[in-house]
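Per-chain residue numbering starts at 1, and chain names A, B, C and D are given in the order in which the chains are listed.
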């Protein structure tokens, strides 16, 4: 077990050395959210209606920016090869790396979400629903995103291709998350939407590490 | 003095929370940026010493190698 | 031209200049801030409409003005750096950027806290608050750009260009946001305009403005000295300085 | 000890080599020679198990390395073109984390001594990206002394090394082979006599 704790520590250590790369997607998220009142209208009712969709779309786009960081450095400087030759199970290694990536790029997003909710004039229980969907949805983004990152890490021009691969896959999550927040706005129960997102998350948590390991082997070849 | 008693002053005409929050956050953030600058200064000066020691160690190692050859 | 300014291009002379200016800045800042704040909080009259929540103006307006002012000063430093190739100018530009961002944050926070009792919401897309927020993004851009470069010489030039691009855009942003605000005027936001300031309210405001400015000056001199030490790490005068600092500490 | 039987590999539908058999025993230094593009790196990567051959298999001590990689990897040390060190970490951190991954316990003292041996005194805690290419190569090479592995697979280890570095590496190979280890290496300069006697294996370029 201590082997994987070693990787966890290493990735956290690297993440803190490259703070700028972590702050930038969050600033992107904040700026995209501020564009909507300027572009659509500052009226509180309109903002409240489009709020959940805006926040979730901005969260998905900013996660795509941060996603590439997952394996890019390790691939380019050869650390990935050393992982593969270290006798550790690659699925477990990728699960640990995805956990660190979630901790480092999505937890700050959760911390920022009250500010976004305030900007878009969301009510208190809308904010609670938003927080829950983000809490359940963001690990799903990381896990599924890591599969595509594993595949495109070998290519130089992987950035846009990554978005093309991942956006269709993230649509179900977007639909259920925004509908959960909308029904929270109407004081309706939204447990069913959360349950579906949780189911998707559990499915991804079970299968994604193996898919990530395989995609890394494919791009390593 | 605009206020009869000190407790009136604290109450700030009912807006105590907003006034004191704003003043608090203002001086807190000014304090943070000032203290951070001074901490950076002492850490930088320490870094100068570390660089000097590093250079001395490298020079010593180089001399030992040339003697060993 | 400007011969008397030329010696300060060299970093050691600039360092000494900062050292001499710094105590005056700190003394002036603490003095003005304490007088202005106490005067504004306790002795200045209430506003007939907003009562005592109006007293937040004594920190909101100075920080808003100076957030803009610091950005302009940053742009001037960048221009000087570009025209006369002064490294210290670029260093002072990047020394000012964080404090300008803090000033903008203060202006935003106090503006929001001031607006809450009137508008009932912590954040409203009011014209001035919105352009203040965009100014914060401009600051973040310059700081992030400077941090992205390994070679700080190159970083200074790049951040300088962005500062100049930013300063040209500030009036454009300001008026377009104003126009955007009036366009959506019907959007149930009461236009929040500055009540006319009586003279006895103006004095604490001006003193606080001076206090904030001196504070910015003081922190800038500290950060500029940091930048100089960072860039001249291997120079003998910096090493002598570091020895003094360590002896002084011990 | 390490045996490749009838290994085939094709890259972008060009067959690099076909039905290639190779057997390297303990206490032997194999020098893999061949022009650029002959597939030396691909062969080495197949020998390490990083990439699977199109057909044929690679056996270590009789066991196929694709089925039972664990004990092969405990004995393997691979140095590829990439240094395997992260630029924002220092040499010490990089090696420390690498050793933790490979389940090798080394105290801080041996790390400093090894880095001193490869001539990196004073640069141990500098982020690796500030070091020169040759110094980064030396950080990667210091792994040879840190992990007790019997099989060394080195892909052009001499690149970016100065004369002293090359001599140091060749004598290290010689010691390793004399102690019963196994080294497979490629390089574009002839091995001098420091490296001791070695077997040459030629890989021709196929069109």
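Keep in mind that, in the parts below, a contact is a pair of C-beta atoms (placed from the backbone, for glycine too) under 8 Å apart; a residue touches a chain by one contact, two chains touch by 3 or more.
None of the values given here were measured: they were computed from a predicted structure.
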Mutual neighbours - chains that touch chain B and chain D alike: none
Of A-D and B-C, pair with higher C-beta contact tally: B-C
Most central chain, Cα average position: A
Maximum centroid distance from chain B, chain identifier (CA atoms): D
Whole-Å gap between the CA centroids of chain B and chain C: 17
Where chain A and chain B are represented by their mean Cα positions, the distance between them in whole Å: 33
Averaged-CA centre spacing for the pair chain D and chain C, given as whole angstrom: 55
For chain A paired with chain D, centre-to-centre distance based on mean C-alpha positions, whole Å: 37
Graph class of chain-chain contacts, one of line, ring, star, complete, other: ring
Contacting chain pairs - touch in the sense defined above: A-C, A-D, B-C, B-D
Touching residues (chain side chain A, partner chain D) in the complex: 2-3, 6-7, 9-10, 13-14, 17-18, 73-74, 76-79, 81-88, 220-221
Residues on chain B engaged by chain D in the complex (per definition of touch): 54-55, 57-58, 60-61, 65
Contact set on chain C toward chain A in their complex: 121-125, 130, 133-134, 137, 140, 144, 147-148, 177, 180-181, 184, 187-189
Touch list for chain D against partner chain A, complex: 48-52, 69-70, 73-74, 76, 78, 80-89, 93, 97-98, 100-103, 127
Touching residues on chain C, where the partner in the complex is chain B: 37, 41-46, 51-53, 55-56, 59-60, 63, 98-99, 102, 105-106, 109-110, 113-114, 116-117, 215, 218-219, 222-223, 225-226, 229-230, 233-234, 238-239, 241-243, 245-246, 249
